[in-house]
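In what follows, subunit A forms one complex with subunit B and a second complex with subunit C.
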Partner chain A sequence: MQHNESQPARRTVLRALGFGAAAVGAAPLLSACAGGLKKSGQSSDSTIRIGYVSPRTGAFAAFTEGDAYILEQVRARFGKGLTYGGKTYSVEILDRDTGSDPQRAAGIAGELITRHNVDLMLATTTPDTVHPVAEKCESEGVPCVSTIEPWQAFFFGRGGSATKTFKYTFHFNSGIEGLARIETDMWRLFDTNKKVGVLWPNDSDGAAFRDKTAGYRAQTGVGGFTIVDPGAYENGTKDFSSVIARFKEEGVEILAGVPAPPDFSTFWTQASQQNFQPKVATISKAVLFETSVAALPNGLGDGLCVATFWLPAFPFSSTITGQTAQQLADGYERSPLSRGRKWNQGLGFNHALFEVAQSVLTRADPKDREAVAECLSRTTLDTVVGHLTWQGGGAANPVKNVATTAGVGTQWVRRADGSFELKVVSNSLVPTLKLDGKAKQL
Partner chain B sequence: MTIRSAVVTPGEDLRRPEISRGGRAAAAGPAGAILVLLLMACLPYLVEPGLTSELVTLCYLVTLASMWNLLAGYAGMVSIGQQAYIGLGAYALFLANDHGLDVYTGTIVVSAVVALVAWPLSYLAFRLRGGYFAVGTWVIAEVVRLVVVRFDSLGGAGGRGLAAVTEDPLLRRAFTYWLALGVMAAAVLGTYLVLRSRLGLDLQAIRDDETAANSVGVDVTRGKRVIYVLAAAGCAAAGAVICVDGLGVASPGQIFGVQYSALMIFMVVIGGIGTVEGPVIGALVYFLLDKYFAQSGVWYLVIVGAAAIAVSLYLPRGLWGTLDRRSGLAIFPVARRVHGHQGTARPETRT
Partner chain C sequence: MTWVNTILQGLLLGGIFAMAAGGLSLMFGVMRIANLAHGDLMILGGYAAAVSTLHLGVPVPLTVLVSMAVLGGLGYLLQRTLLDRAMALSELAPMMVTFGIAVMIPNALAEVFSNDAQPLNIGALGTASIELGGGLAIGWFPLLTVVAAVLVLTGLHLFLHRTQIGRITRATADDPEVVRLMGVDNLKIYALTTVISLVTVALAGTLYAMRQGGVTPYEGQLTVLFAFETVVIGGLGSLWGTLAGGLVLGVAQSAGAQISPDLPLLAGHVVFLLVLVFRPQGLFGRSVLA
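This part shows the complex of A and B:
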């Protein structure tokens, strides 16, 4: 029996080895087969195709609530076509939902590029959407503009450096430096012991904030404050007792961080139960929207501070519709497409993506991808989210592919009826914006 | 192997019925499948790259479904932690790529390496059974993820891109497609060959009753372990394909996400568990649902859920399982069938 079994086994092994060797040997041979490969159809027709990839469902859907309204507006404006060099092109916008899934975002980007030959790609909201789309675009040579992701994550997170920049992918958004500036401004509004407890989770945002060289502590405004970092916690943590104990032990009076909304809800509830009461809390990500603030139990959202990068009071207007920020927000809230929802920051930023698209597609040959990408790197535009520039360096253009935007410090204040109002309490980056009053202590 | 009935009508010729795996059909099915694969291999020369890049998705879906079917349908291991090996495959590819190996050869190396990792992990997982095994595999996947995100060179918690891939987009798309196709072919034909081997017979016995199989001399644990390791290697190859297709990993939470397990279960249940063809059909159904309904917002999930409920209520054997039972059709015949003296094959046994 033993003998019988061992014979075929050896033969099988040899056969498997043969197959393996053949497979390894075949790889370089394949390079020789490139001759007859079928190319994508050429898109030299008179229609410009713009791909718009956004997470309209899933975890990040709140940022793109305004998409239906924005797309209706933009399609109406682009319906007349865009003109470059005396030729008018009709415009087709292909909007796709990623379901907040990076895998699907990559698939969608691939499909838009290879099947629909898009001339320009737009992507929005979080590394999970922006990175897969941008990676595809960079490798396929399709110009891409993205937003709603801290620029450090977009640039350094994709392997950018002083020596390696990107040719086709461009981004506009604030970064950690802007956020730190706004948050520290708000801390200074209060008389504290300058001890800051931070909630930096073990995810891409937390890692970017914790980073020694480009993170939060490296920013100039943070000097003078003591950062108390209890360490990276996993998203979905249900017990923050040790973190709260640490903060209490260190006498923390300022709270900051980028927790996920459910985690902040857990933390903030437990902090209240365990009598941890900082004087000021500046929280990114978790309290961006009124719905998430109102969802905190017992009205605990009252007095939380957040850096805001777009709000209707901003003194900017759209280059597509001519509307001011206020008119854009009002128009959205009145439109049936808002389904009764309030404006949020995503509205301005996603609208601005199309402003950039309109600008470059009328200043460079829309059918020449290299020309469009090159034009993007020379673009300066005053959009509804403010002044964007991809040239000139400095704080507005820290690296080649990034344009930064400014923001203000805001505080959620609970009205008598239980709803929340966002008040501007600090405006050093947008001094033309009027303050809504003095910040109140928690 | 259960013989449900061996009907011999009285008065008829009582010669012993023949038992076979389908005779000539046994060769025709796989030969047809190989023909289809060869045709698919020519596609980059025949159609625009848009279609082939969509087929990459189909290829890795079929691979994943086949691997899960091998685990649950043949070896009775309901794992919801195969994403551990999908993620490891993708991340091991970064390591291979960083050390100068091209991503295509890298995929083969990576699946072998992950198989070696899965071997010791199987000792851990096999201490648990049934529902505990399922949860245990998930825990293993989470632990693997937590370990991987500790390495900054792998992008930490933020994911990373592949350092060196084929520059020319046209060549890269074709190579990626051939890689995905090769992995799929290896997964499906490999499953078929495993099931026709002696190990396949062991597995079918294990699936039907572990204790009984053990008592007739089947080495249950060995059989399961071999399958566990093979499935890990297959999932790792699929993970590497996903990584090559996406030019990297957008976030470790995604590549190590439990949604892959849900997806695999869905495809196998829809197509028909315990058949070689079922996962292929299931993957195709999911692929088409995804293609045509993914843009319908939340309705997409409603439609996918409704499809799963409908199939599990009305076609508990899945699409192929039902077809197979009604018509006796088999592209990859692994079941032994009893032939009456008139030569009519009846799907009397299900193996």
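This part shows the complex of A and C:
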């Protein structure tokens, strides 16, 4: 208990230092965050507990394939402990699988908070995991960082607004505006009649895209195009003939949307059977992974475009391991923990969660939840997925709790042996990444 | 012309539903087991086909036989080890067992093969179509699926009505106690029924995987709903009813989609409810398999 008594004094000193650093405009990376003096939400032992909640199994498991590798690396690094204010804390990471089930995610979050008393929560992949965990954290006053969900869904989907922001829950990810920017960039690479047929299903993603004020059509850059929206089809639809007929009728030359993978497979096969052939197709979600592209019948995946938010060629590196994006991906693929599988975007994003964790836990008193949350809101960090900042507003920090990431336009190109490679075809948001060539028409 | 296309595509869609529902209809007709794992077993059939060509180099057209053999064998084990015992416990127990299987299959598949699609590529056949003029085109593969569904259901019908063992099966469905008095081991008949049912499920699953170009673990769950609707619309225990039920459901969904893309599933469910309300025995239904 001795160190407990001396803590406020030390924190006061550090706070003073922190203010001083901010005053002279020192690099924000090095500035310590101020610790609050409130006793609430504090625990006093010398082990930092980090909860990591992810869907390791179930429908969204593809995004967390890299978890075993990420955790091994991070545990090795955090094994040396994290130091704040001259005191080194040992670190325990409690990783839990939600099975892609929101109820289970809520239960796990509750258990991590009440039983294990975690100091920081990390959550990843889709509203099904992120929302229940973030809700629990917000109500229990535990700082939480999350990713892999469009930020609009994270913020507005949980009731955030211009006047209502969150105190404990923070998020980094691209959003609809970034996606629309990247996709419209790719549309402009082709000479078309600017008619865009969209597949926006009757689910949360489809609704977010369709939304009149914050959705796809409201984004700058979409203005010059005519959106042909046949309506919100149900996931699991087995016959898209009426949608295809509508697209043909309207002379659609551009296809876009967020269909689920099996639905896109159904749609795209039928489109081919019924002679609907757009010039360019930018598809989110359904063609993120090479395996889903390769599984489309008869090589139909060739030439499909997708916005990509992390790939090994990204000119960024990790603040935990020092690896470049390329080295992280290579390291993963070589590791037995990858079980022979290739990198995917989840690897970079989930790794970056721990980068943010390392940053805040060494800049704010890890045992003071309010201080950590407050620190998160003033964090700026160059991670393996790029520049993240939760301060300063603008496109990088559109609302208090959100830091956005950038992406590029990519196209799947079929190699002679039937495998597919992802080529960068537009890079306006990450201009330092060089193009792999010109996009080809479908 | 739009509506001609709608009905045509709806019929093709119905073929898929009928194909998927055949085995379900048979198992329910003979044993009164509502097999909730039906859709997931179908996906398992798709996996058996995809994996046999990916890892064992079986030519794609023959994968359907591998899948049938694997699921047929599995059906035998399933019936003998689990379902027979469950049937002895209570009416509801077999359904709970199939529910458990429905949870286990996709998770086991994801654990072993990951969530990645396992490709089953049939090349140009997957996208080939027949032009009918006037902007109408029907895919070869959906057409083949309808033909397969008709053949399977006809085959099952002939088996049940024209063979000795088929007659015994129908008798077992009517009254297992009396059949046993006649010296027939009803458990053997049950095992045979499950094997046949799962062989048709394997065919349906393989055709499904070929149609989609591949298969992922969690796709079976909606399929089982459509299969149940098909069986109920057509009439429980009637194989011709199953075919008709599939076509009705297909056209209903297709017509719903023509009105608005958010309507197909609802239109299908509405037709299903209307049948339940106005003709609870289904279009061709009788109370027992005949």
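Assume the second predicted complex is superposed on the first by the 399 of 442 C-alpha atoms of A that agree within 3 Å, B and C clash if a C-alpha of one lies under 4 Å from a C-alpha of the other, contacts with A are read in each partner's own complex, and residues count from 1 in each chain.
Here, a residue touches a chain if its C-beta (ideal position, glycine included) is under 8 Å from a C-beta of that chain, and two chains touch if they have at least 3 such contacts.
Everything quoted here is computed from the prediction, not taken from an experiment.
Chemist: On the A-aligned overlay, A:D239 touches which partner chain: subunit B = first, subunit C = second, or both, or neither?
Modeler: A:D239 sits against subunit C, while subunit B stays out of touch.
Chemist: Touch test for A:F289: subunit B only (first), subunit C only (second), both, or neither?
Modeler: Only subunit C is touched by A:F289; subunit B is not.
Chemist: Of the two partner chains, subunit B (first) and subunit C (second), which one does A:Q270 touch, if any: first, second, both, or neither?
Modeler: Only subunit C is touched by A:Q270; subunit B is not.
Chemist: Which partner does A:L433 contact after superposing on A: first (subunit B), second (subunit C), both, neither?
Modeler: After superposing on A, A:L433 lies clear of both subunit B and subunit C.
Chemist: I'd like to know which partner A:N202 touches here: subunit B for first, subunit C for second, both or neither.
Modeler: Both partners, subunit B and subunit C.
Chemist: Which partner chains sit in contact with A:T57 here, subunit B, subunit C, both or neither? Use first/second/both/neither.
Modeler: The answer is both, since A:T57 touches subunit B and subunit C.
Chemist: Which parts of subunit A are touched by subunit B and by subunit C alike?
Modeler: Residues 57, 202, 234 of subunit A touch both subunit B and subunit C.
Chemist: Help me check something: in the complex, which residues belonging to subunit A touch subunit C?
Modeler: My answer: residues 57-62, 65, 202, 230-234, 236-243, 245, 248, 261-262, 265-266, 269-270, 272-275, 289, 291-292, 294-298, 300, 341.
Chemist: Give the list of subunit B residues in touch with subunit A in this complex.
Modeler: 44-51, 53-54, 57, 102, 104-105, 108, 146, 149, 155-161, 163, 165, 168-175, 178, 182, 242, 245-248, 250-251, 253-254, 259, 294-295, 297-298, 300
Chemist: Name, in rising order, each residue of subunit C that touches subunit A in their complex.
Modeler: Those in contact with subunit A are residues 2, 5-6, 9-10, 12-13, 16, 107, 110-111, 114-119, 121-129, 135, 137-142, 210-214, 216, 218-219, 222, 226, 250, 253-254, 257-258, 260-262, 264-266.
Chemist: Taking the touch rule as given, give the residues of subunit A at its contact with subunit B in the complex, in rising order.
Modeler: The touching residues are 20, 23-24, 27, 30-31, 33-34, 36-41, 56-57, 96-97, 99, 101-107, 110-111, 114-116, 127-128, 131-132, 135-136, 139-141, 153, 157-159, 202-204, 206-208, 234.
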